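We just call them A, B, C and D in the order they show up, numbering each chain from 1.
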(Lines give C-alpha, C1' and ligand atoms only; values in the text may rest on other atoms or scores of the structure.)
Protein backbone atom coordinates (compact mmCIF):
# COMPACT_ATOMS: atom_id res chain seq x y z
CA UNK A 1 0.00 0.00 0.00
CA UNK A 2 2.95 2.29 0.64
CA UNK A 3 4.18 1.76 -2.90
CA UNK A 4 0.96 3.08 -4.40
CA UNK A 5 0.67 5.99 -1.96
CA UNK A 6 -2.44 4.75 -0.21
CA UNK A 7 -3.52 5.99 3.20
CA UNK A 8 -6.12 4.78 5.68
CA UNK A 9 -8.44 7.73 6.28
CA UNK A 10 -11.07 6.14 8.45
CA UNK A 11 -11.33 2.98 10.53
CA UNK A 12 -14.65 2.16 12.15
CA UNK A 13 -16.11 -1.04 13.49
CA UNK A 14 -16.51 -3.16 10.38
CA UNK A 15 -15.83 -0.29 7.98
CA UNK A 16 -12.60 1.09 6.57
CA UNK A 17 -11.83 3.84 4.05
CA UNK A 18 -8.66 4.17 1.98
CA UNK A 19 -7.55 7.06 -0.24
CA UNK A 20 -5.05 6.85 -3.11
CA UNK A 21 -4.00 10.03 -4.91
CA UNK A 22 -3.83 9.80 -8.67
CA UNK A 23 -0.30 9.18 -9.92
CA UNK A 24 1.13 8.51 -13.38
CA UNK A 25 2.81 5.37 -12.09
CA UNK A 26 -0.55 3.69 -11.49
CA UNK A 27 -2.03 4.24 -14.92
CA UNK A 28 -2.35 1.88 -17.88
CA UNK A 29 -2.19 2.64 -21.60
CA UNK A 30 -5.30 4.88 -21.66
CA UNK A 31 -4.24 7.07 -18.70
CA UNK A 32 -6.69 5.43 -16.29
CA UNK A 33 -5.62 3.82 -13.04
CA UNK A 34 -5.07 0.12 -13.69
CA UNK A 35 -7.83 -2.34 -12.73
CA UNK A 36 -5.26 -4.28 -10.70
CA UNK A 37 -4.63 -1.22 -8.55
CA UNK A 38 -8.35 -0.56 -8.11
CA UNK A 39 -8.84 -4.18 -7.09
CA UNK A 40 -5.93 -4.15 -4.64
CA UNK A 41 -7.16 -1.00 -2.89
CA UNK A 42 -10.70 -2.21 -2.36
CA UNK A 43 -9.55 -5.72 -1.38
CA UNK A 44 -7.34 -4.07 1.24
CA UNK A 45 -10.19 -1.87 2.51
CA UNK A 46 -12.39 -4.97 2.87
CA UNK A 47 -9.62 -6.93 4.57
CA UNK A 48 -9.01 -4.20 7.14
CA UNK A 49 -12.77 -3.83 7.70
CA UNK A 50 -12.94 -7.56 8.45
CA UNK A 51 -9.93 -7.32 10.78
CA UNK A 52 -11.70 -4.75 12.95
CA UNK A 53 -14.23 -7.45 13.87
CA UNK A 54 -11.75 -10.27 14.49
CA UNK A 55 -9.91 -11.35 17.65
CA UNK A 56 -6.69 -9.39 18.28
CA UNK A 57 -4.33 -12.19 17.20
CA UNK A 58 -6.21 -13.15 14.03
CA UNK A 59 -5.07 -12.53 10.48
CA UNK A 60 -7.23 -12.21 7.40
CA UNK A 61 -7.10 -14.14 4.12
CA UNK A 62 -9.03 -13.30 0.94
CA UNK A 63 -10.58 -16.55 -0.29
CA UNK A 64 -12.46 -15.02 -3.23
CA UNK A 65 -13.56 -11.71 -4.64
CA UNK A 66 -15.59 -10.45 -7.54
CA UNK A 67 -15.28 -7.00 -8.99
CA UNK A 68 -17.64 -5.23 -11.39
CA UNK A 69 -15.88 -2.37 -13.14
CA UNK A 70 -18.35 0.45 -13.67
CA UNK A 71 -16.38 3.33 -15.17
CA UNK A 72 -12.78 4.27 -16.00
CA UNK A 73 -10.65 5.06 -12.94
CA UNK A 74 -9.63 8.65 -13.50
CA UNK A 75 -9.68 11.79 -11.38
CA UNK A 76 -7.65 13.33 -8.57
CA UNK A 77 -7.87 10.39 -6.22
CA UNK A 78 -9.58 7.10 -5.56
CA UNK A 79 -11.54 6.40 -2.40
CA UNK A 80 -12.25 2.79 -1.46
CA UNK A 81 -14.74 1.87 1.24
CA UNK A 82 -14.99 -1.66 2.58
CA UNK A 83 -17.56 -2.83 5.06
CA UNK A 84 -18.50 -6.13 6.60
CA UNK A 85 -21.91 -7.47 5.60
CA UNK A 86 -21.64 -10.71 7.56
CA UNK A 87 -19.24 -11.46 10.38
CA UNK A 88 -18.92 -15.18 11.06
CA UNK A 89 -16.48 -17.02 13.25
CA UNK A 90 -14.61 -18.38 10.21
CA UNK A 91 -15.90 -16.44 7.20
CA UNK A 92 -16.64 -12.76 6.73
CA UNK A 93 -18.43 -11.35 3.70
CA UNK A 94 -17.61 -7.78 2.75
CA UNK A 95 -18.91 -5.26 0.26
CA UNK A 96 -16.43 -2.83 -1.25
CA UNK A 97 -16.99 0.29 -3.31
CA UNK A 98 -14.47 2.47 -5.14
CA UNK A 99 -15.11 6.08 -6.07
CA UNK A 100 -13.13 8.36 -8.36
CA UNK A 101 -13.08 11.89 -7.02
CA UNK A 102 -12.26 15.17 -8.74
CA UNK A 103 -13.33 18.78 -8.30
CA UNK A 104 -15.46 17.90 -5.28
CA UNK A 105 -17.43 15.30 -7.24
CA UNK A 106 -17.49 11.58 -6.65
CA UNK A 107 -18.39 8.75 -9.04
CA UNK A 108 -18.54 5.06 -8.23
CA UNK A 109 -16.19 3.11 -10.49
CA UNK A 110 -16.07 -0.38 -8.98
CA UNK A 111 -18.13 -2.74 -6.83
CA UNK A 112 -16.61 -5.71 -4.98
CA UNK A 113 -17.99 -8.57 -2.94
CA UNK A 114 -15.53 -10.80 -1.15
CA UNK A 115 -15.24 -13.65 1.34
CA UNK A 116 -12.49 -13.22 3.93
CA UNK A 117 -11.30 -16.06 6.14
CA UNK A 118 -10.32 -15.58 9.74
CA UNK A 119 -6.87 -17.09 10.23
CA UNK A 120 -5.69 -18.07 13.67
CA UNK A 121 -2.07 -16.93 13.71
CA UNK A 122 -1.30 -19.08 16.74
CA UNK A 123 -2.07 -22.29 14.87
CA UNK A 124 -1.26 -21.14 11.34
CA UNK A 125 -3.54 -21.17 8.30
CA UNK A 126 -6.96 -22.60 9.01
CA UNK A 127 -7.60 -24.50 5.87
CA UNK B 1 -42.72 -15.73 -9.85
CA UNK B 2 -46.40 -16.67 -9.57
CA UNK B 3 -45.47 -20.27 -8.79
CA UNK B 4 -43.47 -19.26 -5.73
CA UNK B 5 -46.03 -16.70 -4.53
CA UNK B 6 -43.86 -13.65 -5.10
CA UNK B 7 -45.26 -10.15 -5.34
CA UNK B 8 -43.76 -6.84 -6.39
CA UNK B 9 -44.21 -4.47 -3.46
CA UNK B 10 -42.33 -1.44 -4.69
CA UNK B 11 -41.07 -0.19 -8.03
CA UNK B 12 -38.97 2.96 -8.10
CA UNK B 13 -36.58 4.35 -10.64
CA UNK B 14 -33.75 1.84 -10.61
CA UNK B 15 -34.98 0.04 -7.50
CA UNK B 16 -37.46 -2.80 -7.06
CA UNK B 17 -38.63 -4.78 -4.03
CA UNK B 18 -40.16 -8.26 -4.06
CA UNK B 19 -41.77 -10.17 -1.19
CA UNK B 20 -42.19 -13.95 -1.00
CA UNK B 21 -44.10 -15.46 1.93
CA UNK B 22 -42.55 -18.55 3.50
CA UNK B 23 -44.07 -21.76 2.17
CA UNK B 24 -43.25 -25.43 2.75
CA UNK B 25 -42.99 -25.97 -1.00
CA UNK B 26 -39.93 -23.73 -1.23
CA UNK B 27 -37.87 -25.41 1.46
CA UNK B 28 -35.01 -27.88 1.18
CA UNK B 29 -34.08 -30.75 3.52
CA UNK B 30 -33.30 -28.56 6.55
CA UNK B 31 -36.55 -26.53 6.38
CA UNK B 32 -34.85 -23.45 4.93
CA UNK B 33 -35.91 -21.84 1.67
CA UNK B 34 -33.78 -23.28 -1.12
CA UNK B 35 -30.79 -21.26 -2.36
CA UNK B 36 -32.20 -21.58 -5.88
CA UNK B 37 -35.37 -19.77 -4.80
CA UNK B 38 -33.40 -17.07 -2.98
CA UNK B 39 -31.29 -16.57 -6.10
CA UNK B 40 -34.29 -16.43 -8.42
CA UNK B 41 -36.07 -13.80 -6.32
CA UNK B 42 -33.13 -11.45 -6.10
CA UNK B 43 -32.17 -11.97 -9.76
CA UNK B 44 -35.75 -11.00 -10.64
CA UNK B 45 -35.66 -7.92 -8.39
CA UNK B 46 -32.41 -6.82 -10.07
CA UNK B 47 -33.81 -7.50 -13.53
CA UNK B 48 -36.92 -5.41 -12.91
CA UNK B 49 -34.81 -2.64 -11.37
CA UNK B 50 -32.73 -2.57 -14.55
CA UNK B 51 -35.88 -2.55 -16.70
CA UNK B 52 -37.10 0.64 -15.04
CA UNK B 53 -34.11 2.45 -16.56
CA UNK B 54 -34.35 0.95 -20.05
CA UNK B 55 -36.22 2.10 -23.16
CA UNK B 56 -39.85 0.97 -23.26
CA UNK B 57 -39.33 -1.77 -25.84
CA UNK B 58 -36.18 -3.24 -24.31
CA UNK B 59 -35.90 -6.59 -22.57
CA UNK B 60 -33.38 -7.62 -19.96
CA UNK B 61 -30.97 -10.56 -19.94
CA UNK B 62 -28.87 -11.73 -16.98
CA UNK B 63 -25.34 -12.28 -18.27
CA UNK B 64 -23.79 -13.15 -14.91
CA UNK B 65 -24.48 -13.03 -11.21
CA UNK B 66 -22.68 -13.85 -8.01
CA UNK B 67 -24.41 -14.59 -4.74
CA UNK B 68 -22.90 -14.72 -1.27
CA UNK B 69 -25.14 -16.69 1.09
CA UNK B 70 -24.95 -15.12 4.54
CA UNK B 71 -27.43 -17.02 6.70
CA UNK B 72 -30.12 -19.69 6.37
CA UNK B 73 -33.28 -18.48 4.63
CA UNK B 74 -35.95 -18.94 7.28
CA UNK B 75 -38.69 -16.74 8.71
CA UNK B 76 -42.16 -15.57 7.74
CA UNK B 77 -41.16 -14.09 4.43
CA UNK B 78 -38.25 -13.08 2.22
CA UNK B 79 -37.78 -9.54 0.96
CA UNK B 80 -35.48 -8.98 -2.01
CA UNK B 81 -34.31 -5.52 -3.01
CA UNK B 82 -32.54 -4.91 -6.30
CA UNK B 83 -31.08 -1.61 -7.36
CA UNK B 84 -29.05 -0.38 -10.29
CA UNK B 85 -25.51 0.70 -9.47
CA UNK B 86 -24.51 1.52 -13.04
CA UNK B 87 -26.84 2.12 -15.97
CA UNK B 88 -25.08 1.83 -19.31
CA UNK B 89 -26.52 1.74 -22.77
CA UNK B 90 -25.73 -1.97 -23.12
CA UNK B 91 -24.79 -3.20 -19.65
CA UNK B 92 -26.35 -2.51 -16.26
CA UNK B 93 -24.76 -3.54 -12.98
CA UNK B 94 -27.10 -4.18 -10.07
CA UNK B 95 -26.74 -4.91 -6.39
CA UNK B 96 -29.29 -7.20 -4.77
CA UNK B 97 -29.98 -7.94 -1.14
CA UNK B 98 -32.27 -10.53 0.42
CA UNK B 99 -33.65 -10.27 3.92
CA UNK B 100 -35.47 -12.89 5.99
CA UNK B 101 -38.18 -11.29 8.07
CA UNK B 102 -40.04 -12.58 11.11
CA UNK B 103 -41.70 -10.98 14.13
CA UNK B 104 -40.94 -7.51 12.84
CA UNK B 105 -37.22 -8.26 12.58
CA UNK B 106 -35.15 -8.37 9.43
CA UNK B 107 -31.86 -10.16 8.77
CA UNK B 108 -29.83 -10.03 5.56
CA UNK B 109 -29.33 -13.54 4.19
CA UNK B 110 -27.90 -13.01 0.71
CA UNK B 111 -25.93 -10.48 -1.34
CA UNK B 112 -25.92 -10.46 -5.14
CA UNK B 113 -24.05 -8.51 -7.79
CA UNK B 114 -25.10 -8.98 -11.38
CA UNK B 115 -24.58 -7.70 -14.92
CA UNK B 116 -27.76 -7.29 -16.94
CA UNK B 117 -27.74 -6.77 -20.69
CA UNK B 118 -30.16 -4.48 -22.47
CA UNK B 119 -31.80 -6.45 -25.25
CA UNK B 120 -33.40 -4.66 -28.16
CA UNK B 121 -36.57 -6.63 -28.76
CA UNK B 122 -37.01 -5.11 -32.21
CA UNK B 123 -33.77 -6.60 -33.48
CA UNK B 124 -33.59 -9.66 -31.19
CA UNK B 125 -30.78 -10.62 -28.85
CA UNK B 126 -27.89 -8.21 -28.89
CA UNK B 127 -25.03 -10.59 -28.63
CA UNK C 1 -33.98 -32.45 -7.68
CA UNK C 2 -36.82 -34.95 -7.96
CA UNK C 3 -39.25 -32.14 -8.74
CA UNK C 4 -37.29 -31.06 -11.80
CA UNK C 5 -36.66 -34.63 -13.01
CA UNK C 6 -32.93 -34.58 -12.43
CA UNK C 7 -30.84 -37.73 -12.19
CA UNK C 8 -27.26 -38.38 -11.15
CA UNK C 9 -25.57 -40.11 -14.07
CA UNK C 10 -22.02 -40.30 -12.85
CA UNK C 11 -20.27 -39.98 -9.49
CA UNK C 12 -16.49 -40.04 -9.42
CA UNK C 13 -13.96 -38.86 -6.88
CA UNK C 14 -14.44 -35.10 -6.90
CA UNK C 15 -16.62 -35.09 -10.01
CA UNK C 16 -20.37 -35.52 -10.46
CA UNK C 17 -22.65 -35.36 -13.50
CA UNK C 18 -26.39 -34.62 -13.47
CA UNK C 19 -28.88 -34.86 -16.34
CA UNK C 20 -32.22 -33.05 -16.53
CA UNK C 21 -34.56 -33.75 -19.44
CA UNK C 22 -36.21 -30.72 -21.02
CA UNK C 23 -39.71 -30.14 -19.69
CA UNK C 24 -42.27 -27.38 -20.26
CA UNK C 25 -42.55 -26.84 -16.50
CA UNK C 26 -38.96 -25.62 -16.28
CA UNK C 27 -39.16 -22.96 -18.96
CA UNK C 28 -39.57 -19.20 -18.69
CA UNK C 29 -41.37 -16.79 -21.01
CA UNK C 30 -39.13 -17.42 -24.05
CA UNK C 31 -39.33 -21.23 -23.89
CA UNK C 32 -35.84 -21.61 -22.45
CA UNK C 33 -35.11 -23.39 -19.18
CA UNK C 34 -35.07 -20.80 -16.41
CA UNK C 35 -31.71 -19.50 -15.16
CA UNK C 36 -32.76 -20.48 -11.62
CA UNK C 37 -33.10 -24.11 -12.71
CA UNK C 38 -29.76 -24.04 -14.54
CA UNK C 39 -28.14 -22.59 -11.42
CA UNK C 40 -29.73 -25.13 -9.09
CA UNK C 41 -28.61 -28.08 -11.19
CA UNK C 42 -24.99 -27.03 -11.43
CA UNK C 43 -24.87 -25.95 -7.77
CA UNK C 44 -26.12 -29.43 -6.89
CA UNK C 45 -23.54 -31.11 -9.13
CA UNK C 46 -20.78 -29.08 -7.47
CA UNK C 47 -22.13 -29.84 -3.99
CA UNK C 48 -22.21 -33.58 -4.62
CA UNK C 49 -18.72 -33.43 -6.16
CA UNK C 50 -17.48 -31.75 -2.97
CA UNK C 51 -19.26 -34.35 -0.82
CA UNK C 52 -17.33 -37.18 -2.49
CA UNK C 53 -14.13 -35.76 -0.98
CA UNK C 54 -15.49 -35.10 2.52
CA UNK C 55 -15.61 -37.30 5.62
CA UNK C 56 -18.62 -39.63 5.73
CA UNK C 57 -20.56 -37.64 8.32
CA UNK C 58 -19.98 -34.21 6.76
CA UNK C 59 -22.58 -32.07 5.04
CA UNK C 60 -22.00 -29.40 2.43
CA UNK C 61 -23.04 -25.76 2.41
CA UNK C 62 -22.78 -23.36 -0.55
CA UNK C 63 -21.22 -20.15 0.74
CA UNK C 64 -21.07 -18.37 -2.62
CA UNK C 65 -21.36 -19.01 -6.32
CA UNK C 66 -20.99 -17.06 -9.52
CA UNK C 67 -22.58 -18.06 -12.79
CA UNK C 68 -21.84 -16.75 -16.26
CA UNK C 69 -24.72 -17.46 -18.61
CA UNK C 70 -23.34 -18.22 -22.06
CA UNK C 71 -26.33 -19.16 -24.22
CA UNK C 72 -30.06 -19.85 -23.88
CA UNK C 73 -30.86 -23.16 -22.15
CA UNK C 74 -32.75 -25.07 -24.79
CA UNK C 75 -32.51 -28.57 -26.24
CA UNK C 76 -33.51 -32.10 -25.26
CA UNK C 77 -31.72 -32.12 -21.95
CA UNK C 78 -29.25 -30.30 -19.76
CA UNK C 79 -26.09 -31.94 -18.49
CA UNK C 80 -24.31 -30.36 -15.52
CA UNK C 81 -20.80 -31.39 -14.52
CA UNK C 82 -19.29 -30.28 -11.22
CA UNK C 83 -15.75 -30.96 -10.16
CA UNK C 84 -13.57 -29.99 -7.23
CA UNK C 85 -10.66 -27.69 -8.06
CA UNK C 86 -9.43 -27.34 -4.49
CA UNK C 87 -10.26 -29.60 -1.57
CA UNK C 88 -9.49 -27.99 1.78
CA UNK C 89 -10.37 -29.12 5.24
CA UNK C 90 -12.98 -26.35 5.59
CA UNK C 91 -13.47 -24.88 2.12
CA UNK C 92 -13.79 -26.55 -1.27
CA UNK C 93 -13.73 -24.65 -4.54
CA UNK C 94 -15.59 -26.22 -7.44
CA UNK C 95 -15.98 -25.50 -11.14
CA UNK C 96 -19.31 -26.31 -12.75
CA UNK C 97 -20.32 -26.44 -16.39
CA UNK C 98 -23.75 -26.85 -17.94
CA UNK C 99 -24.32 -28.13 -21.44
CA UNK C 100 -27.51 -28.13 -23.52
CA UNK C 101 -27.74 -31.28 -25.59
CA UNK C 102 -29.86 -32.06 -28.63
CA UNK C 103 -29.49 -34.34 -31.66
CA UNK C 104 -26.18 -35.71 -30.36
CA UNK C 105 -24.68 -32.23 -30.12
CA UNK C 106 -23.61 -30.44 -26.97
CA UNK C 107 -23.19 -26.73 -26.29
CA UNK C 108 -21.95 -25.13 -23.09
CA UNK C 109 -24.54 -22.71 -21.72
CA UNK C 110 -23.29 -21.84 -18.22
CA UNK C 111 -20.09 -21.67 -16.19
CA UNK C 112 -20.06 -21.67 -12.37
CA UNK C 113 -17.39 -21.24 -9.73
CA UNK C 114 -18.38 -21.84 -6.14
CA UNK C 115 -17.03 -22.14 -2.62
CA UNK C 116 -18.50 -25.00 -0.58
CA UNK C 117 -18.07 -25.26 3.17
CA UNK C 118 -17.57 -28.57 4.93
CA UNK C 119 -20.13 -28.80 7.72
CA UNK C 120 -19.57 -31.14 10.62
CA UNK C 121 -23.01 -32.63 11.22
CA UNK C 122 -21.99 -33.87 14.68
CA UNK C 123 -21.36 -30.35 15.95
CA UNK C 124 -23.77 -28.43 13.69
CA UNK C 125 -22.98 -25.58 11.34
CA UNK C 126 -19.35 -24.55 11.33
CA UNK C 127 -19.65 -20.84 11.09
CA UNK D 1 3.33 -6.37 -17.57
CA UNK D 2 6.89 -5.28 -18.21
CA UNK D 3 7.15 -3.94 -14.66
CA UNK D 4 6.39 -7.34 -13.16
CA UNK D 5 8.62 -9.24 -15.60
CA UNK D 6 5.81 -11.08 -17.36
CA UNK D 7 6.19 -12.68 -20.76
CA UNK D 8 3.73 -14.15 -23.22
CA UNK D 9 4.83 -17.73 -23.82
CA UNK D 10 2.01 -18.98 -26.00
CA UNK D 11 -0.74 -17.39 -28.08
CA UNK D 12 -3.31 -19.65 -29.69
CA UNK D 13 -6.77 -19.02 -31.03
CA UNK D 14 -8.73 -18.11 -27.91
CA UNK D 15 -5.98 -19.21 -25.52
CA UNK D 16 -2.99 -17.35 -24.11
CA UNK D 17 -0.29 -18.28 -21.61
CA UNK D 18 1.79 -15.86 -19.53
CA UNK D 19 4.79 -16.61 -17.33
CA UNK D 20 6.04 -14.43 -14.46
CA UNK D 21 9.26 -15.39 -12.67
CA UNK D 22 9.19 -15.11 -8.89
CA UNK D 23 10.69 -11.85 -7.65
CA UNK D 24 10.97 -10.30 -4.20
CA UNK D 25 9.33 -7.11 -5.47
CA UNK D 26 6.05 -8.94 -6.08
CA UNK D 27 5.64 -10.46 -2.64
CA UNK D 28 3.53 -9.36 0.32
CA UNK D 29 4.28 -9.68 4.03
CA UNK D 30 4.34 -13.51 4.09
CA UNK D 31 6.72 -13.88 1.13
CA UNK D 32 3.97 -14.95 -1.27
CA UNK D 33 3.24 -13.15 -4.52
CA UNK D 34 0.50 -10.59 -3.88
CA UNK D 35 -3.09 -11.45 -4.83
CA UNK D 36 -3.22 -8.25 -6.85
CA UNK D 37 -0.34 -9.46 -9.02
CA UNK D 38 -1.92 -12.90 -9.44
CA UNK D 39 -5.17 -11.23 -10.47
CA UNK D 40 -3.48 -8.87 -12.92
CA UNK D 41 -1.59 -11.68 -14.65
CA UNK D 42 -4.62 -13.88 -15.18
CA UNK D 43 -6.84 -10.93 -16.17
CA UNK D 44 -4.22 -10.06 -18.79
CA UNK D 45 -4.05 -13.65 -20.06
CA UNK D 46 -7.85 -13.69 -20.40
CA UNK D 47 -7.87 -10.30 -22.12
CA UNK D 48 -5.29 -11.37 -24.69
CA UNK D 49 -7.14 -14.65 -25.24
CA UNK D 50 -10.30 -12.66 -25.98
CA UNK D 51 -8.38 -10.35 -28.32
CA UNK D 52 -7.30 -13.29 -30.49
CA UNK D 53 -10.96 -13.81 -31.40
CA UNK D 54 -11.86 -10.17 -32.03
CA UNK D 55 -11.69 -8.04 -35.20
CA UNK D 56 -8.24 -6.51 -35.83
CA UNK D 57 -9.20 -2.99 -34.74
CA UNK D 58 -11.06 -3.97 -31.58
CA UNK D 59 -9.88 -3.38 -28.04
CA UNK D 60 -10.84 -5.34 -24.95
CA UNK D 61 -12.34 -4.13 -21.67
CA UNK D 62 -12.77 -6.18 -18.49
CA UNK D 63 -16.32 -5.60 -17.25
CA UNK D 64 -16.12 -8.00 -14.30
CA UNK D 65 -14.04 -10.80 -12.89
CA UNK D 66 -14.16 -13.18 -9.99
CA UNK D 67 -11.14 -14.92 -8.55
CA UNK D 68 -11.05 -17.86 -6.15
CA UNK D 69 -7.69 -18.05 -4.40
CA UNK D 70 -6.79 -21.68 -3.87
CA UNK D 71 -3.29 -21.70 -2.36
CA UNK D 72 -0.46 -19.29 -1.55
CA UNK D 73 1.39 -18.00 -4.63
CA UNK D 74 4.93 -19.21 -4.06
CA UNK D 75 7.48 -21.05 -6.19
CA UNK D 76 9.91 -20.26 -8.99
CA UNK D 77 7.35 -18.78 -11.33
CA UNK D 78 3.66 -18.29 -11.98
CA UNK D 79 1.98 -19.51 -15.13
CA UNK D 80 -1.39 -18.02 -16.08
CA UNK D 81 -3.58 -19.55 -18.78
CA UNK D 82 -6.62 -17.73 -20.11
CA UNK D 83 -9.05 -19.17 -22.58
CA UNK D 84 -12.31 -18.06 -24.13
CA UNK D 85 -15.35 -20.09 -23.12
CA UNK D 86 -17.86 -18.02 -25.09
CA UNK D 87 -17.11 -15.62 -27.91
CA UNK D 88 -19.97 -13.22 -28.58
CA UNK D 89 -20.07 -10.18 -30.77
CA UNK D 90 -20.12 -7.86 -27.74
CA UNK D 91 -19.28 -10.02 -24.73
CA UNK D 92 -16.67 -12.73 -24.26
CA UNK D 93 -16.54 -15.00 -21.23
CA UNK D 94 -13.14 -16.38 -20.28
CA UNK D 95 -11.81 -18.88 -17.79
CA UNK D 96 -8.40 -18.25 -16.28
CA UNK D 97 -6.15 -20.48 -14.23
CA UNK D 98 -2.93 -19.66 -12.41
CA UNK D 99 -0.33 -22.24 -11.48
CA UNK D 100 2.69 -21.92 -9.19
CA UNK D 101 5.60 -23.90 -10.53
CA UNK D 102 8.77 -25.08 -8.81
CA UNK D 103 11.12 -28.03 -9.27
CA UNK D 104 9.19 -29.28 -12.28
CA UNK D 105 5.94 -29.42 -10.31
CA UNK D 106 2.82 -27.33 -10.90
CA UNK D 107 0.01 -26.47 -8.49
CA UNK D 108 -3.12 -24.47 -9.32
CA UNK D 109 -3.37 -21.43 -7.05
CA UNK D 110 -6.17 -19.35 -8.56
CA UNK D 111 -9.29 -19.68 -10.70
CA UNK D 112 -10.86 -16.74 -12.55
CA UNK D 113 -14.00 -16.23 -14.58
CA UNK D 114 -14.43 -12.94 -16.38
CA UNK D 115 -16.59 -11.07 -18.88
CA UNK D 116 -14.68 -9.08 -21.46
CA UNK D 117 -16.34 -6.48 -23.67
CA UNK D 118 -15.38 -5.95 -27.29
CA UNK D 119 -14.63 -2.26 -27.77
CA UNK D 120 -14.78 -0.73 -31.21
CA UNK D 121 -11.77 1.58 -31.28
CA UNK D 122 -13.11 3.43 -34.32
CA UNK D 123 -16.20 4.60 -32.45
CA UNK D 124 -14.77 4.64 -28.91
CA UNK D 125 -16.10 2.79 -25.88
CA UNK D 126 -19.21 0.79 -26.56
CA UNK D 127 -21.16 1.39 -23.41
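In the analysis below, a residue touches a chain if its C-beta (ideal position, glycine included) is under 8 Å from a C-beta of that chain, and two chains touch if they have at least 3 such contacts.
This structure is a prediction, so every number in the text was calculated from the model and none was measured.
Colleague: Taking each chain's centre as the mean of its CA atoms, which one is farthest from the centre of chain A?
Modeller: C
Colleague: Comparing the two chain pairs, does C-D have more C-beta contacts than B-D, or is it the other way round?
Modeller: More contacting C-beta pairs are found at C-D.
Colleague: Go ahead and align chain B to its copy chain C using Cα positions, then give the rotation in degrees, nearest 5.
Modeller: Fitting chain B to chain C on C-alpha positions yields an angle of 180 degrees.
Colleague: Nearest whole angstrom, what separates the Cα centre of chain B from the Cα centre of chain C?
Modeller: Once rounded, the distance between the two centres reads 21 Å.
Colleague: With chain centres defined as C-alpha means, what is the inter-centre distance between chain B and chain D in Å?
Modeller: Computed value for the inter-centroid distance: 31 Å.
Colleague: Taking each chain's centre as the mean of its CA atoms, how far is chain C from chain D in angstrom?
Modeller: 26
Colleague: Which parts of chain A, given as residue numbers and ranges, touch two or more other chains?
Modeller: Correct list: 63-64, 66, 68, 93, 115.
Colleague: Across the complex, what residues on chain D touch chain A?
Modeller: Interface residues on chain D, with respect to chain A: 34-37, 39-40, 43, 61-69.
Colleague: Please name which positions on chain B make contact with chain D in the complex.
Modeller: For this pair, the touching residues of chain B are 63-64, 66, 88-91, 93, 115, 117, 126-127.
Colleague: Which of the residues in chain D end up touching chain C in this complex?
Modeller: 66, 68, 70-71, 85-86, 93, 95, 108, 111, 113, 115
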